[in-house]
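Contents: one structure, followed by commentary.
The letters A, B and C name the chains in turn, as written, and every chain counts its residues from 1.
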Amino acid sequence: MPVQSTADGTKIWRRRTSRAEWLHFLGWASLVLIVAVAWRVMTQDTIWAFVSDAPRQAGDIASRMLPPRWSYLGALWKPLWDTLNMATLGTLLAFVRPVALLIIVASRSINAIIWALVLVTILGQGVLAGIFAIALRSIGFIAKLLYEAIEEISTEPVEAIRATGASPPQVLAWGVWPQITPAFAGICVFRWDINIREATVLGLVGAGGIGLNLESSMNVLAWPQVTLILIVILVTVVISEWISARIRHAII
Amino acid sequence: MSTVARHWAPPPLIANWRLRYAIYGALALYLAFALTTIDVNWARISEGLVRSGRLLAGFLQPDFASRWGDIVTGLLESITMTITSTAVGILISIPFGLGAARNIAPLPIYAFCRAFIAVSRSMQEVIIAILLVVLFGFGPFAGFLTLTFATIGFLAKLLAEDIEDIDPAPLEAIRATGAGWWQVLAYAVLPQVAPRLIGLSMYRVDINFRESAVVGIVGAGGIGATLNTAMDRYEFDSAAAILLVIIGIVLACEYASGFIRAKVQ
Amino acid sequence: MLVIETLTKRYATGDLAIDKVSLSIPSGQVVGLIGPSGAGKSSLIRCVNRLVEPSEGRVRLGNTDLTALSRSGLSQARRRMGMIFQEYALVDRLTVMENVLSGRLGYVGFWRSFLRRFPQADIDRAFAVLDRVGLTEHVDKRADALSGGQRQRVGIARAVVQEPDLLLVDEPTASLDPKTSRQIMRLIVEVCAERQLAAIVNIHDVALAQMFVQRIVGLRRGKVVFDGAPDRLTPAVLTEIYGEEDWAATIRKADEADGADADVPASELALAL
């Protein structure tokens, strides 16, 4: 890596060899190049007039969004309840039966809302599609973190249990499981918190919950209602985050 | 020596038995209620199972050809969005991360940065995407802004936590040599947080690509729009092709990021 | 060189760490600072270069009033004070050379230091100092790949490469084994003699202090209770500083044999480490 060499008697020092310096520079240059190219390609169809118009638009929308339409709150309780259920039941479903590797692999790569898109086509609109969408996404997430947690356990207790002559399932139950229980509970609660957030928008593709109200309000340009929905979502997310942080704190 | 059998049971999770039964009872009640809200329309489901059969068939014979142009456009948008939003996101996260670290930032800056990060993290990306589409028009630019905003919330928070965890001794030592504030950052803070920052950035590339597929559904560019169209038209084989492409790229990103993270650590 | 006038430090918790301490140290003098934990030794050292802000009093380095300096003035003044830490305080992931060069940060602009393009004069200084402390073969190693004694020598090199007027040394040997401790103390004292540096050395090992320093200052509850030559440290004095103990066992006796390494210069010993 770094070099100290002698050039006509004096000792010089460089942080990297010339070759390493070159490679380093090339690396950065290519990164910058890639980003620049990507930017050009991405914005080739961008209508910059729209972009510069945005602040005016923002002001316009803001004036239409405020004050929030508080009276709409009454209509939101049921969808909120649905959203909560989607998130919770979906999380429960996820750790009950992690099945084929394919689902896990697909699950990590595909967001809940994309699952929802697919499932709405299959199962029809409604909360059921949302529950499964959440469940399918959570399976990969929980599986990955659980795997990492299992990797980190100490092997000594497991060896000790095995040395008593226990059968493999018993070794799992007495040696492995107690070590990962706090991590497992923490992971599930963490995922539940994220799921609440994701469940709020599933309605946009028809999978039930408060997202449906959001979609319909936007379609009829009822902006004060939209503001209320956003407020409700924000409050719900903050509460669920607080709950999840408290539980995880109590476990660890 | 006692001849009476002594009963033993493992200690329960929650000691206070009233509290325990109250919580279990509440949970059971909730589950019962929640399950009743699910409206299962069996007719619709059996219809749907037929469709899912066709979807699975689509996976076995994915059609890349007929919608190839749309797939390429969507993919290109997703990839370029990912690259630009991650790059810009990282650049902006660094000052926010520095400002949100209690041990190096003065209080007003700390409060501001933490507040910004909290707002960024509580809003769902899709909602932000919708708002930005309204403001900036359809297309990947809105998606770029959405992902950049989300990246900042993610990276800045984790960076701030990492900075707060560093060993304070080198910090003191470098300050004692008379170095300026930026030099202290470059010599005492940066070497300690750089490996984790690189790892997190790679992870964020992965997340941003997945998100770029999502924001397309609301018009912010990317392959999500292509998928949405395909599903709307019941073109399951094309949809399957798109899903496979998404899975493939995400796995490739994960593999690359794992490789880079191992080299850096 | 260093004049401390009625320095007082009161912490936010109400603790009076330093109570109107006055001290004057000429160039070339190495002062050992002893006292129990909480006596204010660490606070005193850090008040000199204002890593901790004094509550009252003044500190003068040469002609400069350190306590009256602005932020930028303080940065410049800190270049004249080299600090050595108990747990070495090196940047683990950087190499020995980079750690030593970080002593020159006060003299070099941000971009030059960020790109590691230090002036050749600084590189020469660094090599010279590394030679003096005996770490020339370890120049490109990561700091966390070294032993404790080697790391402390990097810490010494970093302080010395600043070409300071004063060394502030905070328990340099607390984490080292007895033999290495002596070598480090010897190195510090020799370097100070060679470069005519004033130095304050916080030290908890009284016998070690007596072996190497020219003057001892005893601190108790923030006040100076002893100031004089090492051989005037009697058990009575130590009781006053630390409290009742079997001091006869702790104090180095005049006829105590030192072992074979007593007269071997530190630089030669360094190779053996």
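Rule of thumb we're sticking to: contacts are C-beta pairs under 8 Å (C-beta built on N, C-alpha and C of every residue); 3 or more make two chains touch, one makes a residue touch a chain.
All values reported here derive from a predicted model rather than from experimental measurement.
*Asks:* Indicate which of the five shapes (line, ring, star, complete, other) describes how the chains touch one another.
*Replies:* complete
*Asks:* So using the touch definition from the top, which pair is joined by more C-beta contacts, B-C or A-C?
*Replies:* Of B-C and A-C, more C-beta pairs in contact link B-C.
*Asks:* Taking each chain's centre as the mean of its CA atoms, which one is farthest from the centre of chain B?
*Replies:* Computed centres place C farthest from chain B.
*Asks:* Could you tell me the distance, in whole angstrom, between the mean C-alpha positions of chain A and chain B?
*Replies:* So the centroids are 4 Å from each other.
*Asks:* Counting in whole Å, what is the centre-to-centre distance of chain B and chain C, each centre being its mean C-alpha position?
*Replies:* So the centre of chain B lies 48 Å away from the centre of chain C.
*Asks:* From the mean C-alpha coordinate of chain A to that of chain C, what's the distance rounded to whole Å?
*Replies:* A distance of 51 Å separates the two centres.
*Asks:* Counting only residues that touch at least two other chains, what does the list for chain C look like?
*Replies:* Residue numbers touching two or more other chains: 98.
*Asks:* So which bits of chain B are touching at least two other chains?
*Replies:* None at all.
*Asks:* Any idea which chain B residues touch chain C in the complex?
*Replies:* That would be residues 167, 169-170, 172-180, 182-183, 186-188, 191-192, 194 of chain B.
*Asks:* What residues on chain C touch chain A, complex-wise?
*Replies:* Touching chain A: residues 95, 97-98, 116, 118, 120, 123-124, 126-127, 139-140 of chain C.
*Asks:* Could you list, by residue number, the parts of chain B that touch chain A in their complex?
*Replies:* Result: residues 30, 34-35, 37-41, 44-45, 47-49, 51-52, 55, 76-77, 79-81, 83-84, 87, 122-124, 126-127, 130-131, 134-137, 139-141, 144, 210-211, 213-214, 217-218, 221, 224, 227-228, 231, 234, 239, 243, 246-247, 250-251, 254 of chain B touch chain A.
*Asks:* Could you pull out which chain A residues touch chain B in their complex?
*Replies:* Interface residues on chain A, with respect to chain B: 31, 34-35, 38-39, 41-43, 45-47, 50-51, 54, 57-58, 61, 81-82, 84-85, 88-89, 105-106, 108-111, 113-114, 117-118, 121-124, 126-128, 131, 197-198, 200-201, 204-205, 214, 218, 230, 233-234, 237-238, 241.
*Asks:* What part of chain C is in contact with chain B in the complex they form?
*Replies:* 49, 51, 75-83, 85, 87-94, 98, 102-106, 110, 113-114, 155, 158, 162, 168
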